[in-house]
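This is the structure I have questions about; it appears just below.
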């Protein structure tokens, strides 16, 4: 489900800014690293973990905002390819920055003490933390969806995704809106990384692994569609697990074949809308 | 300025590199030259037709595996295995391209990426044929004994012989690509890049031309791959991984997409830079990222574009 | 020469063109007029195969050409210019027109020849007839608006069309430029014996050279005939009276 968080941010940026943000995976990774760092300083007891996770996500959100405001904005008039390559360059820079700051060894974050136990379900042992994350995923999705549907900012975002020229003509400060979109998307990515840190090792290279996965999810579900991303993440997860269980040699192949199939048959994804 | 046959001089310089006697320089030059072909093939798509592909490494990889498998397992001679790389890569490009050209812009790019990852996944997992994750180390050199019998080349090593063969083959391929680009076909491609809608209205069947460009680009990338597999003394799945595609795309951009020689210059610049930087620091991606950012903000035309601007200020502009 | 029958097109429920029918006589100058949003450009896009019609037919010289894609249509003799200037911006003026010749004369798939001097004579003579010969080496994107429109015309003419469709050829021009452009178009059409069909919403322009006028309003034809007939038509006056500036 954390893949959904990352993919949602990616989809958001694409829906509004029409750009595929390569650096999104790196934001995810930095979210994990920042949380690790905060945990090193503050520890995980007494609910601190949630604070650090939130802190990590906010830090990344701020980073995203700064990047958009001071760097990315300069490229708006130019070719989409340049914008795309900029996000790639960003991924390279930030990815290595993480290596510089935290080294190449794996880092781990302990689970919050409230959720260190495990549940025995159907003969399998599932850590409560994992269960919690599985439940949290849809909860965050719902919260995010509510924000999109009910708040002013959400309405503006949806409008910008549909027709940004008209929105600008109506007097909205589209520039500020873009920055907010970036901030929110980065928050989601960072949050994904922060929450995943107790479950998986934090290493450099997390970013390249996850970004391609996020691409697949977003393509399957539909670039720019919220529920599409949710659906895409579900399908991706199922295909991968199913594949690993029954056809281990073909599982990676299956995922990309699915991506190709969607693009061939219905390029705007299962729930997306055709781009003008 | 334009009377000087630069291309010929560069070719001559390339042929003389082994004379310097340094294994390292020859190795570097060999690397640059193969990547120059790879990048130029991509430029046919990106720079001339305006189609940005994220999956060009797929054809590079196929070419490498084709030549590698034919020479190592089927013991076919190079003179057959090498063109086979181009043919197979071109055929695959025809298959994939048929689907890709139906899409535009970001969807096109995503599909090229998806197909490339499929190729990678197959190479990664098909242990019996491709050697799977381990790849195929020890791809043999072609039979270059005939070079040893020539007086001038007698004292050179096999790797030098192969280098010279590479220079000649790449020069031939680049010459062909140059002819294509300067032909009416090439001009039609630029009209598609500039304004596909208008191109349709002057009678250009846009999809067919795009597919043709895709196939040609793929075929030449395959040839580059065939050479690289031998040069690298082994063929590995990461030849088709998307990071290879991004490397070659960056080279094309760095050198300048708007010119024919831009990508080759980009290949030279990037490989030399990499060589230098890696000896000082392990943070090459960081440096590369910074270079890219500087490029994107300051020199969108790449090195060749900047050079052209400079050249235009120093010498008289050319007429139509 | 050109017959349009019951052409209809709707976008997501919005009917842009509704059962439009009219004829374009051979060798004459016909015009389609109507206020902004009447569906003129959509109509052109339907005729030239750029859009697929929901219903209706387009017949050229007795041959059904409905839905024939643009790249084939221009081989059958239909030339077109666009409302928003649609040229090859980064190529030179010379290269723009030359490209049209290359494509039209069937050399588009030639990978061996050097393209620089191919069809130089034809290109230059066409440029001269348009008054653009002195600017042949300039980058098309940097030309003035009026010159770009002339280049557009050149691109259409290089295809040696039998019928020329011009979408708002004087859009965005000053009064002087408009007069000059209309004179140019009229002269060129007569020199080459072309049939002309153009859209406009400037009535002056239309009545000065058109022999037949079709009036479009909200996607439907509301009048069709000679300029005098149309000018006298009650509904046309009603529609335009509110639009007069």
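For this structure, a couple of remarks:
Every chain is named by a letter (A, B and C) in the order it is written, and numbering of its residues begins at 1.
Convention: a contact is a pair of C-beta atoms (placed from the backbone, for glycine too) under 8 Å apart; a residue touches a chain by one contact, two chains touch by 3 or more.
Predicted model only: the values in this text are computed from it and were never measured.
Using the contact threshold fixed earlier, the set of chains in contact with both subunit A and subunit C is B.
Comparing mean CA positions across the assembly, the chain most remote from subunit B is C.
Nearest to the overall CA centre, using the mean of each chain's CA atoms, is chain B. Subunit A and subunit C, compared by their mean Cα positions, are separated by 49 Å. For the pair subunit B and subunit C, the distance between mean C-alpha positions equals 43 Å.
Work out the mean CA point of subunit A and of subunit B, and you get 33 Å between them. By the touch criterion given at the top, residues 179-180, 182-188, 190-191, 194-195, 197-206, 209, 319-320 of subunit B touch subunit C in their complex. For subunit B in complex with subunit A, the touching residues are 52, 99, 102-103, 105-107, 110-111, 113-115, 117-118, 121-122, 124-125, 242-243, 246, 249-250, 253, 283, 285-286, 288-290, 292-293, 296-297, 300.
Across the complex, subunit C meets subunit B through its residues 48, 50, 69-71, 74-75, 80, 82, 86-92, 94-95, 98-100, 102-104, 107-116, 118, 136-137, 155-156, 158-159. Of all residues in subunit A, those touching subunit B in their complex are 18, 20, 71, 74-75, 78-82, 85-86, 88-93, 95-97, 99-100, 208, 212, 215-216, 219, 223, 249-250, 252-253, 256-257, 259-260, 263-264, 267-268, 275.
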